[in-house]
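When the chains are written out, they are named A, B, C and D in that same order, and each has its own residue count from 1.
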Amino acid sequence: MADKINRVVLAFSGGLDTSVILKWLQQTYGCEVVTFTADLGQGEELGPARHKAQLMGVKPEHIFIDDLREEFVADYVFPMMRANALYEGLYLLGTSIARPLIAKRQIEIAHAVGADAVSHGATGKGNDQVRFELGYYALDPTIRVIAPWREWDLGSRTALIDFAEKNQIPVPTDKRGESPFSTDANLLHTSSEGKVLEDPWTEVPDYVFSRTDDLVAAPDTPEEITIDFSQGDGVAVNGEALSPAALLARLNALGKRHGIGRLDLVENRFVGMKSRGMYETPGGTIYHAAHRAIEQLTLDRGAAHLKDELMPRYAELVYNGFWFSPEREMLQAAIDHSQAKVDGTVRLKLYKGGVHISGRKSPHSLYSERHVTFEDDAGAYDQRDAEGFIKLNALRLRLLGQRDR
Amino acid sequence: MADKINRVVLAFSGGLDTSVILKWLQQTYGCEVVTFTADLGQGEELGPARHKAQLMGVKPEHIFIDDLREEFVADYVFPMMRANALYEGLYLLGTSIARPLIAKRQIEIAHAVGADAVSHGATGKGNDQVRFELGYYALDPTIRVIAPWREWDLGSRTALIDFAEKNQIPVPTDKRGESPFSTDANLLHTSSEGKVLEDPWTEVPDYVFSRTDDLVAAPDTPEEITIDFSQGDGVAVNGEALSPAALLARLNALGKRHGIGRLDLVENRFVGMKSRGMYETPGGTIYHAAHRAIEQLTLDRGAAHLKDELMPRYAELVYNGFWFSPEREMLQAAIDHSQAKVDGTVRLKLYKGGVHISGRKSPHSLYSERHVTFEDDAGAYDQRDAEGFIKLNALRLRLLGQRDR
Amino acid sequence: MADKINRVVLAFSGGLDTSVILKWLQQTYGCEVVTFTADLGQGEELGPARHKAQLMGVKPEHIFIDDLREEFVADYVFPMMRANALYEGLYLLGTSIARPLIAKRQIEIAHAVGADAVSHGATGKGNDQVRFELGYYALDPTIRVIAPWREWDLGSRTALIDFAEKNQIPVPTDKRGESPFSTDANLLHTSSEGKVLEDPWTEVPDYVFSRTDDLVAAPDTPEEITIDFSQGDGVAVNGEALSPAALLARLNALGKRHGIGRLDLVENRFVGMKSRGMYETPGGTIYHAAHRAIEQLTLDRGAAHLKDELMPRYAELVYNGFWFSPEREMLQAAIDHSQAKVDGTVRLKLYKGGVHISGRKSPHSLYSERHVTFEDDAGAYDQRDAEGFIKLNALRLRLLGQRDR
Amino acid sequence: MADKINRVVLAFSGGLDTSVILKWLQQTYGCEVVTFTADLGQGEELGPARHKAQLMGVKPEHIFIDDLREEFVADYVFPMMRANALYEGLYLLGTSIARPLIAKRQIEIAHAVGADAVSHGATGKGNDQVRFELGYYALDPTIRVIAPWREWDLGSRTALIDFAEKNQIPVPTDKRGESPFSTDANLLHTSSEGKVLEDPWTEVPDYVFSRTDDLVAAPDTPEEITIDFSQGDGVAVNGEALSPAALLARLNALGKRHGIGRLDLVENRFVGMKSRGMYETPGGTIYHAAHRAIEQLTLDRGAAHLKDELMPRYAELVYNGFWFSPEREMLQAAIDHSQAKVDGTVRLKLYKGGVHISGRKSPHSLYSERHVTFEDDAGAYDQRDAEGFIKLNALRLRLLGQRDR
């Protein structure tokens, strides 16, 4: 904590925790705080963040509130979806994918306002601190990083609230009691962790869910929709062309209605422990299924299988915070190369928490009814070729068999 | 077709196609045919197969009808499930996994009866011919393989039925008209392909489904069940200890009732073309989800991520027919090594086609509430360690940043 | 062999075998033959090929003799070297990498002259038939391929020579006796296989070597050289800027003199058998070592390790003939992305068959003497960070240890 | 440094640094120090270590000096060699592989003497601290670890020598001046780093080499040797059966004489920086080449290629210190499964720094001269099978070509 800090850019939500951090930074470092509040589609009003920052003495020209929704979906969510990324086979990486964008914008602001440090509100036990800070360091190797949760002595909620009250920081009534869990939200998902969720045997209580309707109460009739893809990215829902963020928002509304995208997961954090979370990714779950379906028709087997083999590594890199790393960019280059002809339409049915593919078509389909048919194929495929194919694939196994059996 | 064949072991279902093959082998090769009919839980009576074989002149001691259900689940399905194998991200490999067992038993019978050849009823366009024959050759490098669909001139259904009628082979009434699709079934799944399914844009008609009830008609209330695992394999459902085959059968019944396990897939065949299939894997879908859930608690991250990276290759090997290959066995050795402590109980809810994990517990859990808690952790984890962890993970990125940005 | 062929483009070396093939194609198919002879740096005069083709009735405008050396090195050898490709850990893929270029040019000529078929002189047991034909089919899915060695009945050398003599094809004296081995050569390497080399326990006789001088007779003093790289490709030797082909030729001369690049290998062919070959890759061996050395300085660990993990797959694809495949192109995209800053100079010593790196430097070095020094590092690195780094890397192992030990 | 330490087991070489650490531990922690000195074949007398420990007040029953050479080679070096492990394509991991064994023995001693802590002399910038400590924590999750180099203020060599002199620790004359580089040695290798080696462009001076003779001065005649393998491990040299450690020592003597196994490498450390080292691995280099050669004959392609793809990950795990991790053990299980028939004899020529395979034979060879021969193969292989093999491998590329070109 030795060196003098002059100006720090804080990722500021306007909530209690980052308000306390704002004040704590001013007091502890005697420095000017610049606030940055991103609209990533988390569904909260951002006006109050400006007001709070002003109240706490942040200069108007040092309050940054940016709508990053389109950039978030177009440059982060969609590239990741091209990879069909699932962490540990199941998790759509909704929190992980937002952190690099926040870090990037913070560094841009730091350069714009001449700040010498950045700060965030992530705790010392989680992945987010890693994701933020790897982003900061990759984009500005000399930046100072202040992680208050690892530095201060406000270890308990009581201490935090005491600090807030002593410093005239308004404490929302519902924050006085312990919040029953911790959340993060953006256009892709909402995550809930901690507290009541900490026992992985205990069922997630209903009140945890905020982005998806109850499955049993969801409509009793399946709803059929279509998604159009162009070069690997979604471009329309039910035939209506939509921007990336608008498309994801539309799918979120559909998914919410049908209770789609709930995931109760025990996952392995990069910092070495297991944690249990409940994720809600309504639109992302639909999108992921549809992207795989359109790839089924338009990707060659060689490309598809290579993508499947690279995917776990890609997902691990995103989860661990290595978005701005050469290896993630290399994998992205390989993946993006495969998407040039991933065009077409997927039809899906949404029902009671399920996403069911019911059809797909493409101007660039590699599916050949002539080849696959059980009927006469007019010479497209000579079944006799299969004998040689099998014989040569078997040759090494026969040589082994002659030796070993 | 040059060499003289004396005795051939035919994989014989008793249906029209393999009955025609039986007769065709007798006529074409003038050889003795030995029939082998396996009960893999396909849900058909096997008595008629014996009767038909006898009618066509197969000696009683050359009619083999074996119940392989327990071996199938214990030695093939469960080891594959330990790998969480999904071909192309989605397919549970229900047909693929049955072929090696049939091939193995055919070769055993060939050795027992002194046969010099084996034969099967798979066509020249599909994967099954490859799976059967790679199995045969691996287990007996000198065996002769006869694949009638690649040899004969009965290319159309009319020709097949003509041949049957000329040879007094009874043709079931419903086979006279074109069957609307082609199926395969065993205890793990039923697949449907061809005909009405050949256009991947056309929705699968309701009458295709035989193993799962309609989702909309399924119960309106979720059903909660538990599955117990021991060393990576399922051992009980709802607390009742069950043999492997009985456990899978129980899950099939549960899955059927809730419309679970339907998959509409366009996949890449090993022989180079795409095909579209509808798979129903009710019990396997539940089991797969539960196995992942118990692994979440009991596998270390290193083991879990290595498994995820190896899985696509493992699934590809099973799909392509390389069950009896050194590389599949090597991967299995690695996977099995990881399962020693995969013990515990998973609770799931089944509802309207969905499998929802609602809890998991284990005597060998690696989840540590002490480490993960947002509350005071009594020193289990020092948040200050995170700084060094991040700093050293960031070091190479900072060196890069200093060079490049 | 049913359909009528009008015009076929033959990969024609001018040697005995392809001369026989030329005549055989004319006789068997009654078609016009177009010859294509590529200069890939194999070190043979190409004039005689033109003369022979004319003698056998090929029209002057149907004789194509192209110098492809620069294209070969720039677009095939160098991209492969960026991957540090080694098949089965050792083989620099000298034959494999030439085949796609020949195939591509043959298809271009076929389109230019309106040919409906292509033909090559590779046998039915080797990899080259696969590499040629996968290239043909990828670049022109409707082309007819004629592989005489798989079709004709000239199975023995005597039969071949008889055919030649009956058809006034000159048979070189040294071809009358059995050649002691079979070779392939281009600017990257010379391979020798078969005959005296078929017993993998027998030492390769001295007379097999044609591209490298005897190690014991090689100079008794090490020779020091430098190679400069720019964006991952070699651009100069000993400070002299050279085109790709000239650079490789220069390294070949240096390598030859010092007996560098001999490899006695038993390898696994794509067609399923093992074969034993002797490869001489003098310049390529030097280049490969130098490329790795300059990457040591300029590639980040993440990029370097990802490259190492992808390399075996890349090499297998090249070896098996899948150069023109989506998956090879995807891997290439990833690899090429990593090479943007692979610039600098490598110093090597050549001595008695060995290549010894003795220094490397780069304007884009990531090596930081400040960080690594045992001396005072002026705060570049805080050793205390290592504790947190280790603690969090150890956390999962400790949780495991608490459970298991 | 807060908690009270009662007894600590120190990895003690008897050299200046660990002598200073011994004293520093006694003074700083007021605790009893137990010394552990391992004979891993580093070629130093261990008697003086005992004497020094006694002089510094260590109780006789707390001085452990163990000959671990056979365990080192049999249980660490050989299993790693089965994997053909090379870190970053080149490094035989000579230092990395010794650390887990030292860690394991230290923990065993700690348990035997009731110690509550362990300590080592590795610095805070290197990999060895990680390797030691991951080993400690994996084997005893509750052990205390003391890393003096990260704790104390003896940052410079002068400070260290001052401390030694103040505490009557004898300082060897040659340690008064700065040592020109830092070394580590065991039966597998000697590494040299730092000081004069810190500029990667500067050639390594001759006086750095201690384990290999100068190449130019090495014998002018190649020396031919044989190595016998059984189940993947070396068992004899030149026909003489040898224990693992004796075999490696024999190969070291041969390699030394011929200047084999020098490696000038810039590598990526786990802690995030690049470093430059000179490694001498005379016997290991020979062994590695021979093991690959015997695998060429006895491993099936599927096993061999899977091993090649897993190898970089395996090597990274060993390098990073994850020997005692589930994922290393899983990979080992896969690798060991492949070695059951890796038996036979390899013949090599050693000459002027080079290792040249000149023949290999095996009772379990998969090489089939009948299949590979250019001569008549008596029907072992039907060349016509190749057509079907190629056609079906090409099918997906043709479908692509029809779509894209």
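What we mean here is this: contacts are C-beta pairs under 8 Å (C-beta built on N, C-alpha and C of every residue); 3 or more make two chains touch, one makes a residue touch a chain.
Just so we're clear, the structure is a prediction, and the values are computed from it rather than from any experiment.
Return the chains common to the contact lists of chain C and chain D.
Chains in contact with chain C as well as chain D: A, B.
When contacts are scored as defined above, which chain pair ends up with more C-beta pairs, B-D or A-B?
A-B
If you average the Cα atoms of chain A and of chain D to get two centres, how far apart are those centres in Å?
Their C-alpha centroids are separated by 40 Å.
Report the inter-chain centroid distance for chain B and chain D in whole angstrom, where each centroid is the mean of the CA atoms.
Inter-chain centre distance comes to 42 Å.
Using mean CA coordinates as chain centres, what's the gap between chain A and chain B in Å?
32
I need the residues of chain A touching at least two other chains; which ones are they?
Each of 268, 271-273, 300-302, 305, 313, 325-326, 365-366, 368, 371, 381, 384, 386-387, 389, 392-397, 399-400 in chain A touches at least two other chains.
Show which residues of chain C lie in contact with chain A when the two form their complex.
Answer in residue numbers: 268, 271-273, 299-300, 302-303, 305-307, 313, 322, 325-327, 329-331, 333-338, 392-396, 399.
Going by the contact rule at the top, pick out the chain C residues touching chain B in the complex.
300-302, 341, 364-366, 368, 371, 381-382, 384-389, 391-393, 395-397, 399-400, 403-404
Under the stated contact criterion, what part of chain B meets chain A in this complex?
Contacts found on chain B: 84, 88-90, 123-125, 129-130, 133-134, 137-142, 147, 149-150, 155-156, 182, 194-195, 198-204, 215-216, 220-222, 262, 264-268, 271-276, 292-293, 296-297, 300-301, 304-305, 308-309, 311-313, 316, 322, 324-326, 347, 351-354, 356-361, 365-369, 371-374, 376, 381, 383-384, 386-387, 389-390, 393-394, 397-402, 405.
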